[in-house]
Each structure stands twice: as C-alpha cells, then as structure tokens.
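Handing you this structure, nothing more for now.
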Amino acid sequence: MSENQIKNLEAEFEAKISRDEKIEPKDWMPEKYRQTHIRQISQHAHSEIVGMLPEGNWITRAPSLRRKVALLAKVQDEAGHGLYLYSACETLGISRDELYEQLHTGKAKYSSIFNYPTLTWADMGAIGWLVDGAAIINQVPLCNTSYGPYARAMVRVCKEESFHQRQGFEIMMKLAQGTPEQKEMAQDALNRWWWPSLMMLGPTDDASVHTEQSMKWKLKRKTNDELRQQFIDQTVPQADLIGLTIPDFDLKWNEERGHYDFGPINWDEFWQVVKGHGPCNKERLAARKGAWERGEWVRDAAMAYAEKQADRKEKQVV
Amino acid sequence: MSENQIKNLEAEFEAKISRDEKIEPKDWMPEKYRQTHIRQISQHAHSEIVGMLPEGNWITRAPSLRRKVALLAKVQDEAGHGLYLYSACETLGISRDELYEQLHTGKAKYSSIFNYPTLTWADMGAIGWLVDGAAIINQVPLCNTSYGPYARAMVRVCKEESFHQRQGFEIMMKLAQGTPEQKEMAQDALNRWWWPSLMMLGPTDDASVHTEQSMKWKLKRKTNDELRQQFIDQTVPQADLIGLTIPDFDLKWNEERGHYDFGPINWDEFWQVVKGHGPCNKERLAARKGAWERGEWVRDAAMAYAEKQADRKEKQVV
Amino acid sequence: MMNKNLYNYILGVADNSLILGQRLGELCGHGPSLETDIALTNISLDLLGQVRGYYQYAAKILGGNASEDTIAFIRKERDYKNVLLVEQPNTDFAYVIARQFLFDVYHVLFLDQLQHSRDLTLSAIAKKSLKEALYHKRFSSDWIKRLGDGTDESHSRIQNAMNDLWVFTNELFQLTEADKEMLNEGIGVDVTQLKADYYNQLNDVLNEATIEIPEVKFFQKGGKEGVHTEHMGYILAEMQYMQRAYPNMEW
Amino acid sequence: MMNKNLYNYILGVADNSLILGQRLGELCGHGPSLETDIALTNISLDLLGQVRGYYQYAAKILGGNASEDTIAFIRKERDYKNVLLVEQPNTDFAYVIARQFLFDVYHVLFLDQLQHSRDLTLSAIAKKSLKEALYHKRFSSDWIKRLGDGTDESHSRIQNAMNDLWVFTNELFQLTEADKEMLNEGIGVDVTQLKADYYNQLNDVLNEATIEIPEVKFFQKGGKEGVHTEHMGYILAEMQYMQRAYPNMEW
C-alpha cells in the first residue's frame, strides 16, 4: 500500500471513530490500535480469570447454601467474562493459547487487586462492593468504546458486574447489621480492601501513560484521578449507610469542590504489587499455570477425539 | 557341607532353642527358619509403618494440645518400632529397601486392621485400647522367641505398646464419661473396631497354617483361638468398667468354661480385607508408596552428599 | 410427630448432591479449560440448587429452628448419608469425570422414578432436577468418550479412574431402612430396580469409549449408614468452618 | 487487670511454634525415610511442648475459663500472631527443610535472648526450649547442606524453596506494639538486634551448601498483625474442627 493509501485509510478510520461508529474485526485499523486493544482486552480477560481465584478460595467455606450458590455463580460469571473477552481479543488476530502464554510468562498483566489474599468471608462482600464497584467505574465507559467486539462484550460484562456489586454490598450490609463479630469482620475487610481498590483506578494522571491516545479511541473517557474521585464519592455514603468506617483519617466532604477529599495513597505498595511482589502474585500465577499444565492432557484428548470423529465421518461419507 | 554335617547343625540348633538360648545372626540356622522370620518380622515392621497412617490421620485434628502431643508421640513410637524391626530383619540378610519393595508390590503383608478408616476422634481411643491390646497379646510371647534380635526388639516394643494401650483406654474412658455426644462417639468407635480387632488375632485354628513349626521356634506359644479368648476375657470387663457395650449379642460369661462365649466372626470380611479389598487397602499402600517415591530424590541427595564428604575427607588425608 | 423416615430419606437423596456439589466447588477456577470450568461449576450449581429444595423441605419436617443451613452445615460426619462415591477426591480430571459419570447415570434413573413419588414436593424437585441431571449425564458421557478414545494418556487415566471408582457403584443400589419405609408408602424409589439398567448404560458408554469394564469382586459401602471414607472429615472441616466458628448467625 | 501486652507478647512467640508444629504434624507418616519422619515428628513434639508452656502461662494471665486449649483452638484467624513463614505449606521436603532452617536460626537467636527475660516463666521456658531449638537447627542445617550439595535435583529444589521462602524472613525482625512494651519492661527481646546475626548465619550455611542467597527487594509481612496468607484458613479449619464442632468438652 502506498503511503497515501494508508493516510486515507487512517483518515477514514478516525472519521468513523469520531462519528461514533464501531470498528469491526474485518475493518482496516492501525497496527497500534490493534496492539493497544490486544493488550487492554487481554489484560482485562486475564483479570477476570485470575480474579476467580481469590473468590474461589471461599466457595468451599461459604457460610450458607444461599451464599455458596451465589458465590459459585459469581465466579462462574467471571469465567464467562473471560470467555467473551478472550473471544473479543481473538478477533484481533491472536489466539487464546498465545494470550495464555503471555499471562503465564508474565508478559501480560492482570489487575493487581487480585494479588491480595481473601482472609475472611467478609472479603467476599468487600470484593463485590469495592473491587467490582471500581471495576464498573472503569468499565461502563467501555460499553461505548470504538472497537465493536470489545464494546459489545463490555455491555454484557457491565450488566453482570453491577449485579455482583449489589450482591457484595448486600453481604457487607448483612455483616454490618449482624453480631459484633460479624461487624468487626466487615470493618476489617473494608480496612484491607479500601486502599487497593483506590489503586485499581490506576496511577495518578501525572504518572499515567497512553491517556491521550486512549481518549481518542474511546478506551478512556475520564482520567484515572477523575474515576477515583467518582468511586470515592459514590462509595463513602454507602459505607455510612451501613455504619462502616472508611479507613482514611483525611477523608472529608469538601463543600467547595463538591467532592470528598481523601488522604495520600501508598503508591510504593501499588508498584510493588504491579511488579510482582504483592502478597499473592506468585500463588495466583502458579495456580493459573498449574491448572493449564495439569489440563494439557485433557485438551490433547479432546483434540485427538475430535480428529478421530472427523476422520470417521469422512470415511462414512466416502 | 555333607548331609551329616547339616544334620548335626540342625540338631545343635534345635537343642539350643529347646534350652531357651537365643539364635543370633551369625549362628547357623535352617533356611526355612530364616525365611519364616524374614516374613514374620517384616510383616510386623510393615504393620508398624502402615499403622502410622490411620492414627496420623487425626494428628492435625486432635481436640486438645495434650492429646495432639500424645498422639504424635505415639505415632512416632510406631515409626521407632518399625526401625527396630527392620533392623532385626536386616540381620537375616535382607535390606530395608528390599523389604519396602515387598511391601510396595504387595508381596509382603501387613496387619489388615490398618485397612479400616479412622472416622472420629474416638477411633484414636479404640485403636489404642483394642488394636494395641490385641497386638500386645500377640506380641508379649515374642519377647521370649528364639531369634535374639527379634526377641530383644519385642521387649522394647511391648513396653511402649502397653503404654499406648493404657493411653487409648484413657481416651475412651474420658469420652465415655463425657457428654452424651462423646459417649456416643466412643460407643460408635467400639462398634466399628471390635470385630476387626478380634480378627487381628488370626484365623481360627483350623484355618491357620504354620502353627506347629512356629510353636517349636517359639514364634507362637498359644493358638489364635486361645489368644482371641484371652483378648475377649480381658477386654469385656474393661468395657463394662467405662459403661460401653461390646457389639455382640451372643457375648456372655460362661461359668463352666471360665471364659466369655462370643458370637460368630464374619470371616468373609476378614479374607476380603486380607486380599486387598478392605475400605482403605488402596489408600494405605498408595500413601506408603507415594511417600517412598516422593522421597527418592531426598535419599539420593543424602547419599550423594555423604559420598562427596567421604571423598573430601580422603583427599584431606592424602 | 415428625416423619423420621421421610426426613432420613430426603437426606439420603440430598446429601449426595451436597457433597458432590462441594467437591466440584473445589475445582472452580482450576479446570483444564474455561469451558470445562464453567460446565463443572454449572453442575455444582445445579446440584446445590437441588440440595436447597430438599433441605428446605427437610427443615420443614424437622421443625423448630431447623433450616437448610443447619441441615447442611451442622451435622456430625456420622449423620451425613451420602454414598462414598461422591466424596472421592478430585485426583485429576479423569477422576472428576468418572465420578460424575458414575453418579449421573444413577441420578437420571433415580430422578426419573422419583418424579412419580406420591410426595408432591419430592416429585416437583425431581421433575426440575431431572432436566438438569440429563444435561450432566450428557456432559460426563461425552467426556468419558473423549478421554477413553482420546490419547493414550487420557485413555490410561480414565481407565485408572474407572477402576478405582467402580467399587463405589454398588452402594447406590442398597436399600436403607428409610428407603424401605418410603418405598412402602409410595414415596421412595426402589433403587434395586435401577441396577440392571445402570450397569447396561455404563457398559454402552464404556464400550464406545474403549474403556474396559472393571472387574470388581468386592464393593465398598458404608456411606448410607454414615460410615464414610477418611476424605469426608476434611470435606466437612472446610465446609462447616464458618457455621462452626460463628454459630447461630445470619449471613 | 490483666497484662494485655504480656499476653499478646506470649502469643506472638507461641503461635509460631503452634503453626509450625501443626504443619510438621501433617507430615507424620509421610516422610522420605523413617529417620527423617521421626526427626521431624520430634521437632513438632518439641514445638508443641513449648506451646503448651507458653499458653498455660497466657491462660493464667487471661484468667476466667481460659486454658491452653481455648487459646490454641478457639481464636479467629485474625487473632493468630504467627509469622507468615511458619504457615507456608509442605510443598516438598526442600520447602519443609528450608522453612525449618529459616525458622530455627531465628528461634535459637531469639530464645538465647529470651532466657534472660525478667519474666521468670518465660525465661524458664526459653532455657528449656533453647536446647531443643539448637538440636532443630543442627538437623535443618545439616539437611540444607545435604540438599544443596547433594544431587542436581536436590540442589535445584532447595534453591527454589529458599527463593520462595526468603521473602518471609524479614517479618521475623519486625517489632509489634507488644514487643516494644515488653522490651521496655525488660521482658521481651529486641528482635531487630538479631537480624544481622541471623543473615550472617544463613549466609554461612548457604555458602557451604552451595546455595545462592536469594535477592529479594520486597519482603512479605502481616502475620504478626493477624493478616495471614490464604493457607492459614485451611490450617485452622482442620486444627480447630473438634473444638468447634464439640464446644466446651473435655478430652
């Protein structure tokens, strides 16, 4: 293709995006767009899959049948999200196996929040309420992102996520209204998950890369700091409602700004976890790799069987 | 050696045994004596080692620190008994590795009682009281058996076994005097372990082999049925004492015989378990083999290190 | 006075689903592929959903403060009536599939009868569950074939699993006291009548999967009388932990 | 009023031994040889013996119905103060030995100081325990050398284990509130003062064993504040099962 042709394609592509039309897999797209989307969608898919582990840790110990069923269903939804998202990613010309490979070798990232341990039942509440809550704030704008398969996957994901968030909040509420032991458990979970949840919304704007480009492609509509403020403003009244205390002495309503002010975030911890040194980075990756490796013979068997069946059918036809 | 010489050696050997002198490893002995002793001593050693498993199953769940420590110590004693007995067996010209090999391939047997599962804490009591109780009845006469290393090992073993038995009885007593739930737990354990314990004393005399020869070599002093009667006569009053009921409707004191009469034993079950089809035969053998296989690299490392150290010393000397 | 036999009968049915559901729950997030992970979780969800129906009914029979959760979580090991099969560990995917298949074939036959129970609650639960169980059976049968007629490794693994688990099948067809009573009342199912069909169906699938039918002389039993394998204690320690450590609370 | 700091201080010391003893207890009957099986059980026995001494003292301080068993078995996870190191799983014999060694070197240094405590009970327990800990340290150091300088496989396994567990060492030298208070009162040990010696000793043994010192930028912590790893919940579910399922009984 000539340089001019490419320029034309690029212009057309950008015009399409600015007209709010979707880019579809068969459409021409700049290589950087493709790569950025592979990175972001796969990171998102990996987060769903790794995110199954901290909650999966409490399935066998859920305190009631109702909660056990709901938790199982939730973790299953996450697997489902992983499926849609890997499929969306595959439309960009990369296979699921390659994506797994990137996860397992550490080349691809996943959300750092899942490198914290789930220590009590209340963590199931805190994750739903805070982690899914922060995720929704990140994700809702993506329902209108420019890449069609990603946008459509996000519509499904967001619908389920907000159900999960309500479910998490309800777990917390029940604990907060329960016995002193239960309330303490809830408060403790909030204490442990609050700051990591704030960090989920990404580094502060001055430390963040890719933002301008992402805005243009509608992978991002607000800055990290704006999203974080939105999350805090939304969550503080919910904590008040159920009588739990946000673990931030500097937190207070700023009449002038119309927002909550909040204390400084420990970014050292954030980068430590991102770089692989969080409490559970090793375990999470080992669990995923272990499942994948232990599953190899199963996948091989399914493949071999499918080939045999195809051969048999062929022979019957002949 | 001429036939005459052998005859002389045999006569001397038998005279020695009848004078109650010990046969020692360096002494001449008939091949059949050697083989019989290898079989019996190793079977006994294997029983100690496999016997660690059902009780080991409750170490992590013992209900008090005192009981946890006592149970650990008991299982450790069993490992110790295994050690003495393997050593005694090795004096007959067979290595521990060969003996393990026989266990792992199913060539050598171990006491069938250990193929029953330990389902509740009370099983720790029942095993100590009944299983160790039956074992002692089997073993005390062996303190005077003709083969020196075996007899000496048995002196140590028996001393510890009777301690274990008292400890088991004390666990049962505590439960029987405890809450209704605890008493029920104790009774249930007695119900499940009673008949297998009776079977531990071996098949009835008419179905038993090797007896005459074993009597001569002092591997046996009483028949299985006599030992079983002794066990029952000793155990029934103990059950009465702590208010537990032996699960045998036919059990009653026979004034004339001066013994308890008892009901028929389910020998089908006995042979089923002996032949490898008990509730835990597979698990027990798999646990032993697994430990051995997983331990191979460790034993190799120890060997390699010892060789390197010896080499280094040698070089220093040169 | 409550109907003790009906209560015990319900537990005998529901405990199988509870413990199998729990075992499958252990796997969630650790499957060999996302698709199998989702499918096994689905089965677990179905089973636990059935359990809730059964235990809610049992709690009503028991009265007092009984609830689906007290029944699920605060019994002693000896009071769980599930068959030994369902408590066997998730040794590998072959064991998971073999265990599932050996249960599903039974489960479909059983529910197919239970839907005709004179007890309307049981009949309703059975009708709803039957649809689910049919799906489970299709899933596990398909995998039996894939593994049996897949690679050499998968064949040998599924054959091993089948050999090890086959000893637990016969227990499915043993009648308990509660079974006999409920059979007399037209409420329960005569499981002894399902046995021939069961083994025929196993035969068909295993033949197609090129898996040899294990030769077993002695079968294991005990679960229906609460005499479980040593695995059960560990399942319960985990499953009951919250209810035991935080008694009498709402969640 | 009871001395809350002393109570917490004792738990901080004793919980390490409890959880490590429990982990070793899991191995009993499953060791790579009878001799190692016996030796590891011995260490477990020593540790649990020490625990009983500490908890009996703690129970006296706590008063009321407290006993060594209520302290051992009916606390919530967040109330156990052991370091993360001791709760790490028995992945293989290399992990068992590495964990033991990393603890034993610390334990000896710690007890060597604690024996001079102004608190006579703690001093007495420390004196007795020190002899035991010295033996443990000899055992684990010897095995570190055997595995490090044994075969290629053993070398790579122990190196892996060391790399994985090293991140848990720094926590041993963090001062808790109770530590600071007890230090002021001449009862507790200033663990920060043990650190240099500790790493020097590790260096010496690892060098001899041809094991590379892991390079670690970030260490893990949390155990001393009751923020454990996900392993802890499973340890407790098993360990507490009987006390939870059968509350307030004597055994």
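So that you can tell them apart, the chains are marked A, B, C and D in the order they are listed, and the count of residues begins at 1 in each.
Operating definition for what follows: a residue touches a chain if its C-beta (ideal position, glycine included) is under 8 Å from a C-beta of that chain, and two chains touch if they have at least 3 such contacts.
Everything quoted here is computed from the prediction, not taken from an experiment.
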Recurring contact interface, reference A-D, options B-D, B-C or A-C [over half identical by residue number]: B-C
Contact-richer chain pair (by C-beta pairs counted) among B-C and B-D: B-D
Cα-centroid distance, subunit B relative to subunit D, in whole angstrom: 35
Cα-centroid distance, subunit A relative to subunit B, in whole angstrom: 58
Euclidean distance of C-alpha centroids - subunit C vs subunit D, Å: 41
Multi-chain contact residues (two or more partners), subunit A: 61, 181
Residues within subunit D bordering two or more other chains: 76, 233, 237-238, 241
Subunit D to subunit A touching residues, read off their complex: 76-78, 164, 167, 217-218, 220, 222, 227-230, 232-233, 237
Complex contact set, residues of subunit A against subunit D: 54, 57, 61, 117-120, 181, 188, 192, 272, 277, 279-280, 282-283
In the complex, subunit D residues that touch subunit C: 76, 233-234, 236-238, 240-241, 244-245
Touch list for subunit C against partner subunit A, complex: 22, 25-26, 28-38, 41-42, 44-45, 48-49, 51-52, 55, 68-69, 72-73, 92-93, 145-147, 149-151, 153-154, 157, 238-239, 241-243, 246, 249-251
In the complex, subunit A residues that touch subunit C: 49, 52-53, 56, 59-69, 72-73, 75-76, 79-80, 82-83, 86, 121, 171, 174-175, 178-179, 181-182, 287, 290-292, 294-305, 308
